[in-house]
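Following this line, the structures themselves.
Both complexes below contain chain A, partnered by chain B and then by chain C.
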Partner chain A sequence: MAQNMINDERIMQEVIDAIVHTTGVEKDTITPDSSLVEDLGVLSLDFLDVNFRLEQVFGVKMARNFVLEHVEELFGEGMAIDENNEVTEKGVEILKMRLSEAAGDLEPGTPMDELPALVTPKTLAFAVKDIFSYLPEKSPAGADWKTEDGTRIVCSQTGEPAALPSGDEVVQNWLKSLQEEKQLF
Partner chain B sequence: MRIYQGVDLVEIARLREAYERHEAFGEDIFTEEENEYCRSRPDVYSHLAGRFAAKEACLKAFGVGMGGFGATGRFGEIEVESSPSGKPALRLHGSMEKMGQRLKISQATVSISHAGEYAIATVILVGEDSVEDDG
Partner chain C sequence: MSESDYKDKVALITGASRGIGAAVARRLARAGVNLVVNHREGRGRSGKLAEEVCREAESEGVRAIPVPADISSKKSVEELFSQAEEAFGRLDFLVLNAARAPFKPWEKLLERDLRLLVETNFLGNVFCMQQALPRLSRQGGAVVFVSSLGSRFFNQDYPLGTMKAAMESAVKYWAESYWKEGVSVNAVCAGLVKTDSFKTLRMIQPELENMPERFFLSPEEVADIIHYLIGPASRAICGQTLIADKGISNRLHWSTSSG
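Moving on to the complex of A and B:
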């Protein structure tokens, strides 16, 4: 499958390398489920740096807006975030589906500023993998794909980078499909 | 009336490192006007770090904390404008503007300073008291 050109282990390795290079945290102390904020002491500027490093390594554009902000934009204000900037019941439902076990203990009424603690190497790797899931079987030239440096997908014939949707488009597509399937909003 | 406050301290060299390493950092985190203003100053990175601290302080005041993962766009939606005298002011766009409306923010003030290796900023937001008070 074209989508599996970069395997999960390689994506996780690059995520962990990005965290190590950005923060100086010892590699051995990082697990796929480490909270970047609570366990690794990652600061806001580090978050951004990790994000942009992953974009450079994989040739993708990570989401600029948080999933709950997309919910608000697509389905109306107050759907995911209430007037006190706390996550609503629907918002919790969405985060549990999107972040799986990382959001397992989340409750409605959680302040928005507690959400960055849910970010783990696993959730970052998932965000990258989700973008790659949109890779078509063939390039626009009708050729197979190949990888450069094992992380960037290009056309085997022309060398053109794969045109993948941005992280924001991927999240919006996911929310629209979810809405069609479950009518949450 | 309800007061929201945020403060942030930024290491100027750390900001410079990220800004120089990733072209998208400068483009996405700062508006065109912010980049233009800071680049016109002799100490470019002190000013960029001060503005970054102001954006982060604003996010803290709003109670959304770190603007990193999946929320990079928030930084570009908080603009620090400069008057001819150099006094900064906040202008909110997009989702941050909506957040301001949600919390019924009527006034916002920002103060920025930098010395040596660090830049610091504080933001105070004044909201109407009709939002539920959690004590």
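Moving on to the complex of A and C:
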């Protein structure tokens, strides 16, 4: 299937390489579940470098805004983050669904400043995979896809890069379908 | 301009754990200025970075202390300045460098974003001025605000520019009020500086990646201008904003090859 043109191992390997390349963290200290902030000592601002590199490697656009910011943009201020800048109960529910085990211990009332600690190689790899899941079966030219350098998906006939939604659009789509299904807000 | 115009004086720099603030700390330490290196409290490494900046400064033979404080809180600012006073007993220079803002277009700003924008980048600087002005030396005391081109040009997803514009205006008011007392107040408006903030800007405006290298400034170049603005060589400048942007605001067009 088109979605699996770049396998999970390759995505994880590129995520780890991006972390090594942009932050100087030793490769063998990184596991898929390492918290970038807590375990690897990465500054949350350095996430931007990691994301920027992933964008170049995979030809995608990573999300600029965090999932809870999207919740508030779509469903109203105060839904996910309260007036003390802490995560609400609904916010925790959303994060557990979005980040699965990475948000396992999260409690309502957690300060927003602590959320960057939830980012792991696994959550970054998931963000990339989620964008690739929107790859159509065929290219606009009606042809199959192929990969370039093993990481960029292009049309096998024209060489045009696949037009994929941005990470922000992907998160908003996810939230909208979640809302349709569960009426959380 | 001699070294003695700077030596043994005391500067407080807000947001000095990295970027332009850290470069200013290093520049002033080289000139013999003792430092209060402010950074925002919180998780992450800003505390460690601020300590490193201080250690580096001390290797130049000055005294430097890191003081965490979120300038958006009036109480924290009061504590910041009283700690500075306790440590050094005087204040000669204030560099208003700290900034914090959402990177979103105006129409998407939530009330929380707007409050962050105003509370850190306008009120926070005002709180610092309120604490600094009575304390600043009446012989050569100086304040420099670090502005950016967003104060005068539209920049997608950069609402911080509006606060920079408000502050450039405030600089004129303070400059007029304190000129006769011997305290100068000016600003430097920096163009494209490759700091951590640039990482954010680059994500929002990928075309910056293709900007010719000649338009980029280093934090050290901005620090040199601040060193000048707090010193006696700039004594005729009152309430002004100096633009340091390698000429990018001179033009409507640039080409990727030649600049």
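Convention: the second predicted complex is superposed on the first by the 183 of 185 C-alpha atoms of A that agree within 3 Å, B and C clash if a C-alpha of one lies under 4 Å from a C-alpha of the other, contacts with A are read in each partner's own complex, and residues count from 1 in each chain.
One rule holds for everything that comes next: contacts are C-beta pairs under 8 Å (C-beta built on N, C-alpha and C of every residue); 3 or more make two chains touch, one makes a residue touch a chain.
Keep in mind that this is a model prediction, so the values were computed, not measured.
*Asks:* Based on the superposition on chain A, does the combination of chain B and chain C result in a clash or a fit?
*Replies:* Partners clash after overlay.
*Asks:* Based on the superposed arrangement, let me know which partner A:167 touches: chain B (first), chain C (second), both, or neither?
*Replies:* Only chain B; A:167 stays clear of chain C.
*Asks:* Just to be sure I read the superposition right, which of the two partners does A:80 touch: chain B = first, chain C = second, or both, or neither?
*Replies:* In the superposition, A:80 contacts neither chain B nor chain C.
*Asks:* Between chain B (first) and chain C (second), which, if any, makes contact with A:72: first, second, both or neither?
*Replies:* both
*Asks:* In the overlaid three-chain picture, which partner chain does A:125 touch, first (chain B) or second (chain C), both, or neither?
*Replies:* Neither partner.
*Asks:* For the overlaid complexes, name the partner, chain B or chain C, with more touching residues on chain A.
*Replies:* For chain A, the partner with the higher number of touched residues is B.
*Asks:* In the superposed arrangement, which partner chain does A:41 touch: chain B (first), chain C (second), both, or neither?
*Replies:* Second partner only.
*Asks:* Which holds for A:63: it touches chain B only (first), chain C only (second), both, or neither?
*Replies:* Touch partner of A:63: chain B, not chain C.
*Asks:* To test your reading of the overlay: chain C has the stretches 81-89, 135-143, 189-197 or 225-233, and exactly one clashes with chain B. Name it.
*Replies:* Stretch flagged for C-alpha clashes with chain B: 189-197.
*Asks:* Which positions of chain A sit in both the chain B and the chain C interface?
*Replies:* On chain A, the overlap between the chain B and chain C contacts is residues 37, 43-46, 48-49, 51-52, 64-65, 72-73, 77, 81, 85, 113-114, 116.
*Asks:* Of all residues in chain A, which touch chain C in the complex?
*Replies:* Residues 37, 41, 43-46, 48-49, 51-52, 64-65, 72-73, 77, 81, 85, 113-114, 116-117 of chain A touch chain C in their complex.
*Asks:* Tell me, which parts of chain C touch chain A in their complex?
*Replies:* That would be residues 42-45, 103-104, 108, 110-112, 196, 199-200, 202-204 of chain C.
*Asks:* Quick check on the complex: what are the chain B residues that touch chain A?
*Replies:* The contact residues of chain B facing chain A are 8, 10, 14-15, 17-18, 21-22, 24-25, 28-29, 52, 56, 59-60, 62-76, 95, 98-99, 102-103, 131-132, 134.
*Asks:* Report the residues of chain A in contact with chain B in the complex, numbered from low to high.
*Replies:* Residue list for chain A touching chain B: 36-37, 42-53, 55-56, 62-67, 69, 72-73, 77-78, 81, 83-85, 111-116, 119, 123-124, 127, 167-168, 171.
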